[in-house]
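Below is one structure, written out as structure tokens; comments come after it.
Residue numbering begins at 1 within each chain, and the chains themselves are lettered A, B, C and D in the order written.
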Amino acid sequence: MIIIMDPKTEIQNINKVQECIESNGLGVYSSRGESYLIIGVIGDSGKLDSNKLLRFDGVQKVLKVEEPFKKANRLFKPDDTIVDIEGKKIGGGNLGIIAGPCSVESEEQIIKIAKDIKAAGGNFLRGGAFKPRTSPYSFQGLELEGLELLKKAKKETGLPIVTEIMSTDYIDQFVDNVDVIQVGARNMQNFDLLKQLGKTNKPILLKRGLSATIEEWIMSAEYILAGGNENVILCERGIRTFETYTRNTLDLSAIPMVKRLSHLPVIVDPSHAGGYWYLVEPLAKAAIMAGADGLMIEVHNDPKNALSDGQQSIKPENFRALMDKIRVCAEIEGKIIK
Amino acid sequence: MIIIMDPKTEIQNINKVQECIESNGLGVYSSRGESYLIIGVIGDSGKLDSNKLLRFDGVQKVLKVEEPFKKANRLFKPDDTIVDIEGKKIGGGNLGIIAGPCSVESEEQIIKIAKDIKAAGGNFLRGGAFKPRTSPYSFQGLELEGLELLKKAKKETGLPIVTEIMSTDYIDQFVDNVDVIQVGARNMQNFDLLKQLGKTNKPILLKRGLSATIEEWIMSAEYILAGGNENVILCERGIRTFETYTRNTLDLSAIPMVKRLSHLPVIVDPSHAGGYWYLVEPLAKAAIMAGADGLMIEVHNDPKNALSDGQQSIKPENFRALMDKIRVCAEIEGKIIK
Amino acid sequence: MIIIMDPKTEIQNINKVQECIESNGLGVYSSRGESYLIIGVIGDSGKLDSNKLLRFDGVQKVLKVEEPFKKANRLFKPDDTIVDIEGKKIGGGNLGIIAGPCSVESEEQIIKIAKDIKAAGGNFLRGGAFKPRTSPYSFQGLELEGLELLKKAKKETGLPIVTEIMSTDYIDQFVDNVDVIQVGARNMQNFDLLKQLGKTNKPILLKRGLSATIEEWIMSAEYILAGGNENVILCERGIRTFETYTRNTLDLSAIPMVKRLSHLPVIVDPSHAGGYWYLVEPLAKAAIMAGADGLMIEVHNDPKNALSDGQQSIKPENFRALMDKIRVCAEIEGKIIK
Amino acid sequence: MIIIMDPKTEIQNINKVQECIESNGLGVYSSRGESYLIIGVIGDSGKLDSNKLLRFDGVQKVLKVEEPFKKANRLFKPDDTIVDIEGKKIGGGNLGIIAGPCSVESEEQIIKIAKDIKAAGGNFLRGGAFKPRTSPYSFQGLELEGLELLKKAKKETGLPIVTEIMSTDYIDQFVDNVDVIQVGARNMQNFDLLKQLGKTNKPILLKRGLSATIEEWIMSAEYILAGGNENVILCERGIRTFETYTRNTLDLSAIPMVKRLSHLPVIVDPSHAGGYWYLVEPLAKAAIMAGADGLMIEVHNDPKNALSDGQQSIKPENFRALMDKIRVCAEIEGKIIK
């Protein structure tokens, strides 16, 4: 952190800023000329609140130099994190292809789709049991019954389960029954939830919030890592912009950027990003070529009668065709799906 | 809801759409010409999922006609909702002026500021006990001890307390100790929290999410109303845009627009919106003239040493001066503060 | 400008950066410790391209300290600029109330509205002769004939004319016939147009682009000032965000922020910002209380039959009522309209 | 276009709306029930201003059904447009790989880079002669001298030239000397420029504005097509969002969406989108897999000393390596570069 001060400010103002920094256990260096006066912080300036420094007399600007994340920072852990879920891996050259319906609707539905996904080569099953819906009058999911159905589908296919948690009340059930716990975009900054998940050892799939910056997204992962849980997978699913032709704007630039900043794996959800089934294939292929460590794709055997998000789900036969293309992309990129 | 279909589509496709609508207990009308084919829904089309209809063959577009909110809709309750908190009112011509520090820091601090606010004419005390922070390494609030200190400040001054809840685990303590429970911007779509708050009878202050549309914001209020709690106050606090000179972009157009769409009171938080203490006065005055039912303002006796958000807090003497100006604005707008 | 370098970089990399800075006629200071290495620029670092410095080996970050605008910067000209148009002033405590139809449609129309505006107390007449329309198939304005009609309306009422220029081809006609030349939001970064307007001595009303940052907006003003024309009035008219209930999002925080950064007057266009006639009054009052130096308001005698933007125009009788309220706001703010 | 009216409105209000529609030469159908009243427009409702209709008494909403573009609409021209530039094609399975420096700097520079691009397999040469710069104090390009140098580079290599126009004053020189005239993001709604380019027969590369919706972007193409020039190539180059780690946010979802809506070719500029050289490769590959008809890439032999945008330029050796990867992607997608 660097503090720019008015070069004409009185000496006691400079002293106050330095004292404030030192009282946080940090060192100070300063550099002064006719037209400049700079105070730099030595040590971990994450302990300092830049906003607070702005209130000192004579301070003109406070510039951050370091990234605020530590455990998630590639600087301090250069090697890719590989999350291992019952032998299936995500990160470090391993692609996780997570597919399934938006909502779990019935035993028959979820088992049928799970079998189709496995046959096509997907290696994880997704399905919503608890559903975050904008309207209180929309279908809210089968809840705990949905978890049971997912377990049955796992038993039939061996596919590990990925499903979203919406309340800290159910953490125990999720830890017991689910293989990857998903935190949805709307809960990305539900810090209470993040803290509690940090105390578990379950892999967490952390979706990017609709208006979250890359820094905020990684900082939310940092909450989980700081609690001791290092199994975090990030998921880009589109951000909110002014464009209305698509549901959200998929930010693929974030993939190489996050991978540069952090060692955590990053996957992409082309279904929620685009919002239309016909955008899934081009965006899925593009995501792999941009460096994603996997995909999360909505597949439904009867999209017309899906209880949620039918317009963005593809059919099992389309998923099969898509997997063929994804395998080609994976090969070019030197990555494996297993 | 209106469904636009391809005028050349086969009759069975039209029939399938009509059956889907009717199976939801709704009526259908259709209108057909050479170059158009329209199916309209009669009844509460909130029961229908527009996305689902998009998957039917022959459907070109689905247009929403009604707003999706019901209990929050001014159409169905034309009169302003007035929230009464221990005799102090917000809405329907009554301004709530909620002021206090970002974080409760000590007994001395909160009591001193509370007295200053009361003396200046503020009618509610705010203060954070549980703090949502982007970084896990930042000060997270005094938590339950903070609630106790707020109660002491209330005992000294009589000012009702407004403070933020971050976890459903503490709902009982909040219901027992707090007068208005605040839901922060980051939890605006924490639907589990909203549902549980809907079952209490406490007034809820619902902040707008950083990227929430007006519709989504009112729909989150609808979650609380649908649960049976009609005491909801909305709070605009700036949305996220590309602009970086200010912390957020205060959306004052939302005030008259929300008041047209809904009967709920809407207040404005100029401190978080602008992010700098020198923006508080112009934005506070502007908010009242745009029709806001109140303000939420950060006041700190020693902003330089505030544990959070010092740069956007004003000092008690500035708050006193601001209150004089707010009273002038209130008078022009025919509103009262009591 | 401050360059943060890798403290472990080789000495020749540091030398190369310093040489690059010095070759631009600027001075250098550097400060080095175990964990930091900073190079600061002495002099006008606007001459340096920060992006270029990022390509030097060993450079980690380039931080800008100064604002990039000079002539528009309040630092170098602390007093408010007052633009004088035939004795009517905007800035420095003087409000410009510019009103009129979106498009000039006929002699009768523009003269009638001009008289109504004058009677109500507006001090400038607006009216589009050349219209920027999203569609090539929409009404494009009466063009030069429109300018003639505006002149007739000025002759009848004495109100100076404000109208938009869309092409450098017409600069001479605008200089001869128009009192304030408006640059529309879509042309805010039409640098060729800005340069040519900088060579005239006409007052320029520069609207903010739909996605222009405050810095870019002031830099566009800088283009005009750098050419020698110091009569620039900025106009905030709403920025583009994700919100769709309103046409744009009026950024009133920009008013106090721009006035802090620059000495130029800033007015507000509540008609384009909100997009609906019923938002004009609350936003107009709010703008004055936020510190605006004036307003630009669409008034049409027959909005239903307006050739453009009827939905956001108010009727002359509403404008009269609005002026009464604006006068009250102006008095509170200590400003005059003449 | 569909107009939703209050079902309880008086008959004369309905009549007035119908008369307004009919006076534009359009037909009307209406459909009325207890709880609904709909008026539909028969014919080309692009002639109607939806905003105007909103001002009629009894009108509740105006819903657009058709896209507003005609000549650019795939509905009316299902086959891909292929733009042919001296035998090199863009669109319909043909990729245009346009590469070169941000700015033309010298004869030596542009000829060297052109040769490198040709050797690597690029089929067009880009280079800015007129540069749109945020600051009036930045390098503005070599202007007409730059055009001459581009012509020399073309003579040496045979690569057709793509360069940006900033002023209608130079249209003749551009028509005479340039092979593809680029309209930059900041001029996307410089309608005067678009109209004049519509009267030429030169291929136009139309970049998307920083905050332009897909609809507005295609409507700007429509301006050129409506003038009679059918050789338009669209170019996605990133939109403006809240994210600051990358220069802009590349909107790859726009590629399949535009190709669905329009027959025009769409290429991608990964250099401006990401803003950093290390993002170019992943985004370039992703663009091809998302269906782009080509790429526009900044290549500079000495990025450190580039006069503009050095941080986002790649070196010729990196371009050569990138071309190898692009050829693999092209083959998978069944596209050719020639």
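Please note the rule applied: a contact is a pair of C-beta atoms (placed from the backbone, for glycine too) under 8 Å apart; a residue touches a chain by one contact, two chains touch by 3 or more.
By chain, with names taken from UniProt: A, B, C, D = Phospho-2-dehydro-3-deoxyheptonate aldolase.
All values derive from a computational prediction rather than experimental measurement.
Colleague: For the pairs B-C and A-C, output the one whose chains share more C-beta pairs in contact.
Modeller: Comparing B-C with A-C, the pair joined by more C-beta contacts is B-C.
Colleague: Which one of the chains is farthest from chain B, going by Cα centres?
Modeller: Most remote chain from chain B, centroid-wise, comes out as D.
Colleague: Could you please state the distance in Å, as a whole number, between where the Cα atoms of chain C are centred and where those of chain D are centred?
Modeller: From the centre of chain C to the centre of chain D is 26 Å.
Colleague: List the centre-to-centre spacing of chain B and chain C in whole Å, with centres computed as mean CA coordinates.
Modeller: It comes to 32 Å between the two C-alpha centres.
Colleague: I'd like the Å distance between the centres of chain A and chain C, where a centre is the mean of that chain's Cα atoms.
Modeller: It comes to 39 Å between the two C-alpha centres.
Colleague: Spell out, as numbers or ranges, the residues of chain A touching 2 or more other chains.
Modeller: Each of 211, 240-242, 244 in chain A touches at least two other chains.
Colleague: In the complex, go through chain A and note every residue touching chain B.
Modeller: Touching chain B: residues 46-47, 49, 51-52, 54-56, 68, 70, 132-138, 166-169, 186-187, 189-192, 195, 209-211, 216, 219, 222-223, 226-227, 240, 303-312 of chain A.
Colleague: Touching residues of chain C toward chain B in the complex: what are they?
Modeller: Residues 211, 213-215, 238-239, 241-246, 249-257, 260-261, 273-274, 278-279, 282-283, 285-291, 325, 328-329, 332.
Colleague: Quick check on the complex: what are the chain A residues that touch chain C?
Modeller: Touching chain C from chain A are residues 2, 4, 29, 31, 33-36, 38, 40, 42-43, 60-61, 63, 65, 240-242, 244.
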